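So that you can tell them apart, the chains are marked A, B, C and D in the order they are listed, and the count of residues begins at 1 in each.
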């Protein structure tokens, strides 16, 4: 694999991590969604690049899914939900942004340490990609646990999943990648519909997860 | 037109049944069809003992998963019988409407299909997909009552489950990455039989990371503390047959996945030993669940926690490893599936008879419903690991074999067992004994499945057929 | 021939204790009276009392059961057997091996057990008082006694009274601390067991102070006679026990011949007289203590016994 | 052969239990079940006794059940044979008693299925020859007896008793399980034969001893693990109480002997220190607890604790002598302990039967509501009196013999070289003497308040004599008490093979001794002749009676009680159990139980009755069990908060776990 391929892939993966940080930084839902759209966009690009590098045409499908579904459909849908629920100005971080950023740094460092210990038998591209993918996953998870609002939790989950796709596509010649990405898209669709459903059924007046937690089988 | 073999039967029958049930309206017909389908599946699974297809790139049947398949299909079969009467009652009292019942039956078969697929999958990717499918179906069924609690439980299950799935996928990818340089690109790098053979040459560091993610990912499904959160509510709020299937089967399937990967790591000398991790998680789950039993007010949630406890014990046993402990783990898992599903059958009938799941509202069950009451007592005695029932033997083997190797662990284990037992009986006393409380109406239901399970457990506690023993010992050897 | 002679000895001993017991009681009373500058009852008064009582009819409480009527005989039998197994003038009696010192204590224990039951049988409050106090005293006196027995047994290497007595008579007993403690302990126990001052007052019927007398309050006639007789037998038993253990001089070793026998009898009589006199002096010179001081008194005895035993255990084994 | 019979019997009992589930509700069920179990137990008893008396060689048998690759090993050697005889004698008499008593049972279908199973469990426990079979029978025994305790589950105390019992039983079983785990090693040599061959190291053996003391001790009721016993034993139906107290605790003793004397290799000298100290404390604490009770059955249960203490003192002495290679003395102590096992099973069953007869006649267990029963139920009163005298160790009954032997063993112990024992043994001797004296006091109270005096309630007034079966059972046991008391030599000799098997030495043969007396070591040293003492008392007593009735008056007049001139006071003025125990409570209770008395005396002219309330606190429960329960409750509360987290918080748990694991991984190398 030539030098330039490696650099491009590295660049894209790294920027994905960067955008994850941006997501952590957002405290408005709309802007969060926009950043996420960018996230998905970069992912699509990197997947496409991988498809090109590994000349594995089926990966283009994944790229397309990322582009259409994640970068366009989902954000739009969420936009509309937020509009319906009128929660667009909610700021619902559990810990301050700064702290979240610091934690993010720590996580990235951790994933680097863990991954770079991988013996050098594995080819460097894959290793770098893996490290980045792991950081994206961890950052997504961090986002899920630092946000109260269900929508931003979903966003967190989706960026986590982007990390997975990054890893999967980075794994050269891995079969079933397309299927898996499709499966995941379905999963996300479920989640979105779920939120939507709660709204439509007039069961929960807000999608704040704490509202769900009121009903906990056995009351204290 | 391919020739029909048992393996495809195990997969196709549920699928076809699902499609059929999705179309059938009437409750009676679909319930019967449900039973018929599970029976057929069971027959196919049983026939796997005699004639076994060659492992292909996608499907595989070996000693290990043959046991799981037979167990799964059997419990699926008995549960379908139980669910026939249970769902009938739910219809009668209007908790479920016919459309939901139709949906329920279809989903039941899909779940069966997904679990069987996960078990026979010879491909880590395929297995992952199957387990995800199983999760989604159960999510839908947990929410089927559409009450606040049910939806909340389903949502919780859904979110935590999805995260678990994601972690598991990452682990799977890592395994592939580890395998690729050795096995070469493409499908082979995800095929069990190949992986296990070549695992010695894999990059150990990568395998370690992979195992961490797999442990957490599939561990969420197994319900190990602190990943357990979805389990109690899902059990408590879903329809009882589903609780039985969850506790009895789905947890096993997830555990099966873990075992597979454990074998993978065990095959690689340089990789970290998966044992300590599993032992730690197992003990944590055991102690945690044991203490959680004390403050339970909902009968189904209580037994859900006891499932966590036992998953902890089983994980501990497999973590300890060695022929005795592995044997005990397998035995414990089988016995737990049978016993716990039997308990949930009993609990389902009790909840319907008493019209509530609150422990405070039931009492003196052995007076009002002797069969149910003593059935429940027998079940709890079994699950608490008292002789002469099967779980006693597995606990005997685990504890005695552990104490000689790691006394401290054994003492923690014993303490957990004792605390759990005390918690279970604290509640059982108020349910089964004392002045009768609540309605005394008899539910029109067949207790056959419950007592069938208990009979098997009792028999196994006293006498195990040599064939089965040899079988288990063989597997225990495989697990290393 | 030998067997017959041994039987004769055994029988003689049994009759002797039976005959002497009231006399000892009377003697003690007489001396006490003299010490108090009273003339006091004649020496043989106890015999006359017994005869009179046996001639009288029994007035039995309505609520009394068959047990109430059997108990006097049981008590008498147990006490008499016990008393007849203690060497008085001669060791190595025919049946002396049939019950060692522990068994003798146990026999007295069963006598007390039944007497206490008798106290409860009629269902009056005084019987209850007597019984409960009696068992409280016994529950401390018996262990103390056993401790003393342990000491002796460890010294003489036997729990067999004859053996112990012979050993005590033999020169190889030096002066021993444990022995001293033992004798004090035994005396205290003896005082308590026989309900003498300061534990109990055999003469009074002042309800709240009495123990033994309260138990037998409901007895009359021949039953009372038997009870009284067993009481004096018990006193005699303890005296001869003390005598043969701590003053074993002159006791005839088995088969030492007639002169020795005579010596033995005379010595025995002398010892009884001395003991009686001492007892009387002691009782006249001390006041009765409150019932709840008794545990301390007996606790002291128990401690002495335990101390003695410990000493024996530590200083050499046999 | 005998082993086969015994196993067949237990199988038959199990089958009987299964059958009882079906026929439980029918009228004839009681007769059928108890009759059948009587016959079966009698056969099994015959087998055990025959094997013991013939001093036959051990028989073994392996059945293809239990742990698959191991099978279920059974073995009938001298020890098992002796305990088999004890178990089945108790079982037979209990079944006989229940033939009558069972008719009063309100919920027979809750008793009948479990009763034979319980018997089978105990029988199998003494026959088992591998760890798994032993533990499964052991715990099966606990489980069935638990079910029997729960028979009258509508009474809240019973439910609580059953709960405590089950937990303590499982605790003990787990301790034993650990002990066996040590003996079996990591490759699972579970057969006792293999364990004997293994010969564990000193440290290992020490741990085994501790675990066995916990395991078997908790079942036997060794203080401080006795807490369940006085709750559970009285809660069960009386014939079951008799079995639990008289027989099941002996199975526990069997477990202790089997492991410590047989499997755990050669004892170290300090083992005996532990056992002796525990035994002494148990004996005294048990009897003190008993003195404070006024519930008849609970009093009896506490006395079981005391007797277990005496047995353990004997076993401790045996261990001490064995450790110092003094086989003769060891044999004496060991035989004393075993004989006391047998004796206690006799009179404790007898006493519980009596309590059961009283219960079914009056419906009362509280002695304060009884009294004067000797008039209404004379036979019961008589046999109960025999039982009381026997358990109070009065000659010429059997209780005295075993305690006498124990004393003799104590008197041998100055020869022990180790100083710890030199100091401990006399103290233990004092404790033993104290407990014996207190026991006598306690049974004066029990018998006097229950059977003597005047009836305190209507129920006691209208009581009627119990039925023939129950009487037959009680008379049988009473006769045995007397027989062992006057002819102890027979039974001591019968025990010889046991002590030969486990100690390697035996007591001198007794039947040779003159006049059937028993001679532990040498005639010059000590000897006792129950027969002669019995005859002596008989002769002299009847002699006196004859003489007086002949020579003096035998006239008798009934009149109101004298009572120092107070005319017929009401029965309420009698001494109650509480007031009877008051002096002893003042002496010991204030220290041990922090007993406090509050007297409340209304002013003159006030009609209210004066009240005296006594406060007792159970030191062991307060110091050991209450804090434990509180701790568990607290932990449960704390952890229970985890049930009420939000999804996000749960996710953060997962997240935290992931990060921690990754950190561990990063730190790995």
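Throughout what follows, a contact is a pair of C-beta atoms (placed from the backbone, for glycine too) under 8 Å apart; a residue touches a chain by one contact, two chains touch by 3 or more.
On a predicted model such as this, the values are computed, not experimentally measured, just so you know.
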item: Steps needed, at fewest, to go from subunit B to subunit C via touching chains; value: 2
item: Distance-maximising chain from subunit B - centres being C-alpha averages; value: C
item: Chain centre separation in whole Å, for subunit D relative to subunit C (CA means); value: 35
item: Separation of subunit A from subunit B, taking each centre as the mean of its C-alpha atoms, in whole Å; value: 31
item: Mean-CA-position distance for subunit D and subunit A (Å); value: 69
item: Intercentroid distance (Cα basis), subunit D paired with subunit B, Å; value: 44
item: Junction residues of subunit D, two or more chains touched; value: 643, 645, 647, 651, 654, 658, 662, 665
item: Of all residues in subunit B, the ones touching two or more other chains; value: 155-156, 159, 163, 167, 209, 232
item: Sequence positions of subunit C contacting 2 or more other chains; value: none
item: Chain-to-chain touches, reported pairwise for every pair that qualifies; value: A-B, A-D, B-D, C-D
item: In the complex with subunit C, residue positions of subunit D that touch it; value: 371-372, 374-375, 378, 381, 385, 389, 392-395, 400, 404, 407-408, 410-411, 413-416, 422-423, 425-427, 429-430, 433-434, 436-438, 440-441, 443-445, 447-449, 452-454, 515, 517, 523-529, 532-533, 536-538, 540-542, 544-545, 548, 551-564, 566, 569, 571, 573-575, 579-584, 586-587
item: Partner subunit A, residues of subunit B touching it in the complex; value: 123, 125-126, 128-129, 132, 136, 147-149, 151-153, 155-156, 158-159, 162-163, 165-167, 169-170, 173-174, 176-178, 180-181, 185-187, 189-190, 203-206, 209, 232-233, 236-237, 296-298, 301
item: Of all residues in subunit B, those that touch subunit D in their complex; value: 155-156, 159-160, 163-164, 167, 208-209, 212-213, 215-216, 220, 226-227, 229-230, 232, 272, 277, 288, 291-295, 322, 324, 364, 366, 381, 384, 386-388, 392-393, 396-397, 399-405, 410-411, 414, 417-419, 421-423, 425-426, 429, 433-435, 461-464, 466, 469, 473
item: Interface residues, subunit A side, partner subunit D - complex; value: 94, 107, 110-111, 113-114, 117, 138, 141-142, 144-145, 147-148, 153, 209-210, 212-213, 216, 218, 220
item: Subunit A - residues contacting subunit B, complex; value: 114-115, 117-119, 121-123, 126, 130, 133-134, 137, 141, 144, 153, 157, 160-161, 163-164, 167-168, 171-176, 179-180, 183, 187, 190-191, 194, 198, 203, 212-218
